[in-house]
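Note that chain A is present in both complexes that follow, paired respectively with chain B and with chain C.
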Partner chain A sequence: MSNLDHGKFTRVTTLFHSLLGLDVFLLFFTGYAIMFNDELWWMLTLMGGASGVTAIHRITGIGLVALVVFWITLQLISSTGRSNFSKILPAKDDIDAFIQDVQFVLGRADERHPSARQFAGYKADEVPLLSYIGKGVVAIFSIELTLLAISGLLIWSKTGLAAMFQTKAAAMAFVTFHGLLGVIMLMGVMFHIFEHGMHPAFYPVETKAFIPRSMVPEHHGDDDEEPDTTGIERLSLSPSWRTVSTVFGAMTVIGIVSVLVGSIFDEGYPVPRELAIGGGPSSILLTVGINLGMIVLGVGLVLSMYGNVLRIRWEQQLEQEREPTTAADGGEPQTDGGRPDAGDSEN
Partner chain B sequence: MSTGNEVMHDGVMSTGEDARIFPDVEACIDCGGCVVSCKRTWDVPRDEQRISIATMLEGQEAASGLNASSGKAIGQGESPGETAVPMQCYHCSNAPCVSVCPTDSLISKENGFVRVRDDLCIGCQYCLSACPFGAPQFPDEDSGVANLVGSGGTMDKCTMCEERQDVGKGPACAEECATDAILVGTPAQISDELDNRDSGTFFNDVAMDIIFGDDASEFQ
Partner chain C sequence: MTDREDLPDVNGYSRTSVLVSAVVGLAVAALSVLWAQGFRVGYESLYRVNPTVEGGGIGSDWVFGNTIPALDFLIALIHAADVIMGAFILVMVFIHWAAFQRLAGKMRDPGEDVGEAVAADGGSPARGDGQGGDGA
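Here is the complex of A and B:
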């Protein structure tokens, strides 16, 4: 079992996930305020106007490069990192699982592959939690972030890029690539937020990315003792989940479709006029849809912060529940037949 | 607005709506008069310019018999020899800069002028990458936020002296040109004038389509 299995991250990974999320959210907010300035005029104003948005986007871009370099270095120099890296590489089982799931969708298989049922109440010993889906998410995000960072750095100075390639077409090609990749990644991030924020068992936020593996009770103590359950079967569905997930799901779908349509319909970067099917800021539906997409991102930002709040609460709870060990006389701590609660330890 | 021909300089045939600006490269003698008149009219700082003269194949002779016919030489696939081309914003019908501007700070106005809305420009330089004529300039690239984060500053370019045209005057560069190498008028007027002078258009079909759009057929 790798550290990635059992759906829990290390402390460094949880911190990195939050910082990466914050950085990427800022890149999206600024990038889309530039790209859809008609529809997101309020966002442009809030972030200091045209020059302010550009400055934030570029500074945050440098932050992304720093985070990526840090992460790659960490994966290389730590044994845990090297182990995790080998675990997330696609294997034959992942390909088989993917094919079976596609066949299931097409009606040519009786059931989904076990890897695709990880959130359906199965226990850890029954279903591998690091499935092709999880590996795919990691791979897609890693590749997209890398390509966005490289193309973003290349187009930092268009004149420099044009001089490097001796052609303006090359500069514009990288500009268009950066923009279109941003559109694709935004759609993925919106789905990612919905997927982990509206999970039936963990709503309103799935905490595996925020609470480090080392703090999870069933994995405390003996590392050789593998847990046989995720505990998912003990969770109950929140009454408000159905309504909220329906509304949020609709916002996510509308946002994804609007951003996609907007990038084609709205003449200009990244789609040149010759290829655009429409143009101009006149579409109220598009304006509403793209703003809904930005609200989905905003909810993601709030959920990310809430996840960190939950982590801090969790830490405090563990601290309070910790057994007293200050038996200065060498005797056993008095637990009165069980683990003392916070009140007991204070009294 | 068109004010008729009676007060126009020879190179400025009409102004205002539908007026276009286009160089006659056979007439340009690289004197720099257009550059000076533009700077003087608009107080363009010392190290900046909204029009420049690109001299190609400097010191070279054209193919035999074509030394004073750069346009014809280009059309025949021959070397045009030394050719001076006044380069500025041609306020293109199919302006690539307008097409790629992410903030819509560049707009094609209904009267044919391509204008920059300074308050929307973020200095991303996409227009510079897209413009085939090198018109966009970034004089503020070393000031303020642009200096801090390395963006281009607010874009600046030729306005075709829209304010002057509004009162019936031609663009300063065209009015000042001693050899009438900068033509201002409707596409038909410019085409007729080039024919009268037996000058070619010098630019290829792609560039002509960008500059004149459907009106490029006037030059065929």
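Here is the complex of A and C:
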């Protein structure tokens, strides 16, 4: 057993995560087709020009409000949500985990810190619900999504803005604020995709976010045989991992740097007077870079769909195995003659 | 799954909580549409964000029209946040990139013979599909 297979998400969380991802990606594609319109002119055109893009942006924005409010309510009214809350607060372990991660990279530590082992296994009960990166993702995305939803609604509601600030310039400032704020999340999501897609043990996508933990067989019993390590040395590297992770890592870095540089250039004028292809402060490099960033998002979208396909296949496999036996708990399947692809065989 | 309900880790959310939250979420979303759209159409056309309209969208008079210093400050603040967070996120990318390389170094190479290995639970070792123990 590799011991890399403990689940993390509940079924509700996996579904919520996929819907939120889809919605946020659509908001990114539409929002940044407007903000970076001279670099992403094709995207703007593809989605029906300015009116099409703003319409999709508003519809998905309302979807975001519904999803965010749903999630906040669920965390407040359910005991599971409330009990998880303490697990997302930063602790001293998280700083230690960050420091040890740096040491691990430099070769001065043999393993990643227990609080950083979001992926790298160990016994399921030793792994925290969230690593320090996971906590950071939750914190940043929660604050960002709330601020983006509020500022977005204010921009939408011209009456609301007019009542607050009286001027068009104020409304414009909110558009700028909204767009620049989203850049932090845009960069974070690129990292998120890289982090969850390019781990060598889980490549091409980490399935914990898609296969609910209630369905993942955990290793119970046989305590004397419980491995002391992650078991990563028993796994085979995918032949394409080195090439793909290098290319995708480069794309992620270029994408992050480009949207960062682009956001600085676009100060004050994220929504220009008129659509100017290749105009404004854009250059070939910036255009290529920002488009690479959008491809990183596109890959994330594909991986999210692929994760859901894996869940469906996994569910079907479990269903098949459950019929004659309860082998899904990680024990020996009762029969392997008729099912060469039995899911337990690789635990 | 019924055999693991006693374990805190696999407790999910109750059907009622999910249903109530969904209703609240949809209701708030519907109300926010109503609020954002408003009923006074005049304002909507007056302050419309029209990025590609000839003669200037809402942004064209930002620099000259802004009389509120706080807004300038707010935008400068977000610019700073963008740069600081961007640098931090890049550091995170590089740490994980390098960590992944090290982890990959511990794994078997694609062509390596795995016939000898026996997994602790008696199952066969991982296939070379890179999915690890997730059983994809």
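Keep this in mind: the second predicted complex is superposed on the first by the 234 of 347 C-alpha atoms of A that agree within 3 Å, B and C clash if a C-alpha of one lies under 4 Å from a C-alpha of the other, contacts with A are read in each partner's own complex, and residues count from 1 in each chain.
To be clear about the criterion, a contact is a pair of C-beta atoms (placed from the backbone, for glycine too) under 8 Å apart; a residue touches a chain by one contact, two chains touch by 3 or more.
All of these numbers come straight from a predicted model, not from anything done at the bench.
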First, second, both or neither for A:S142, with chain B first and chain C second: neither
Of the partners chain B and chain C, which touch A:G52 in the superposed model: first, second, both, neither? first
Just to be sure I read the superposition right, which of the two partners does A:W156 touch: chain B = first, chain C = second, or both, or neither? both
Chain B versus chain C as contact partner of A:N37, first or second or both or neither: both
What is the contact status of A:L181 with respect to chain B (first) and chain C (second): first, second, both, or neither? second
Of the two partners chain B and chain C, indicate the one touching more residues belonging to chain A. C
Set of chain A residues, in rising order, touched by both chain B and chain C: 34, 37, 49-50, 54, 156-159, 161-162, 168, 171-172, 175, 267-269, 272-274
Residue numbers of chain C touching chain A in their complex, please. 1, 3-4, 8-14, 17-18, 20-22, 24-26, 28-29, 32-33, 35-38, 40, 43-44, 46-63, 65-68, 71-72, 74-75, 78-79, 81-83, 85-86, 89-90, 92-100, 102-104, 106-110, 112, 114, 117, 119-136
For the complex, which residues does chain A have touching chain B? 34-35, 37-38, 49-55, 58-59, 156-159, 161-162, 168, 171-172, 175, 179, 267-269, 272-274, 281
Mind listing the chain B positions that touch chain A in their complex? 94, 96, 98-105, 119-126, 128-130, 132, 144-146, 148-152
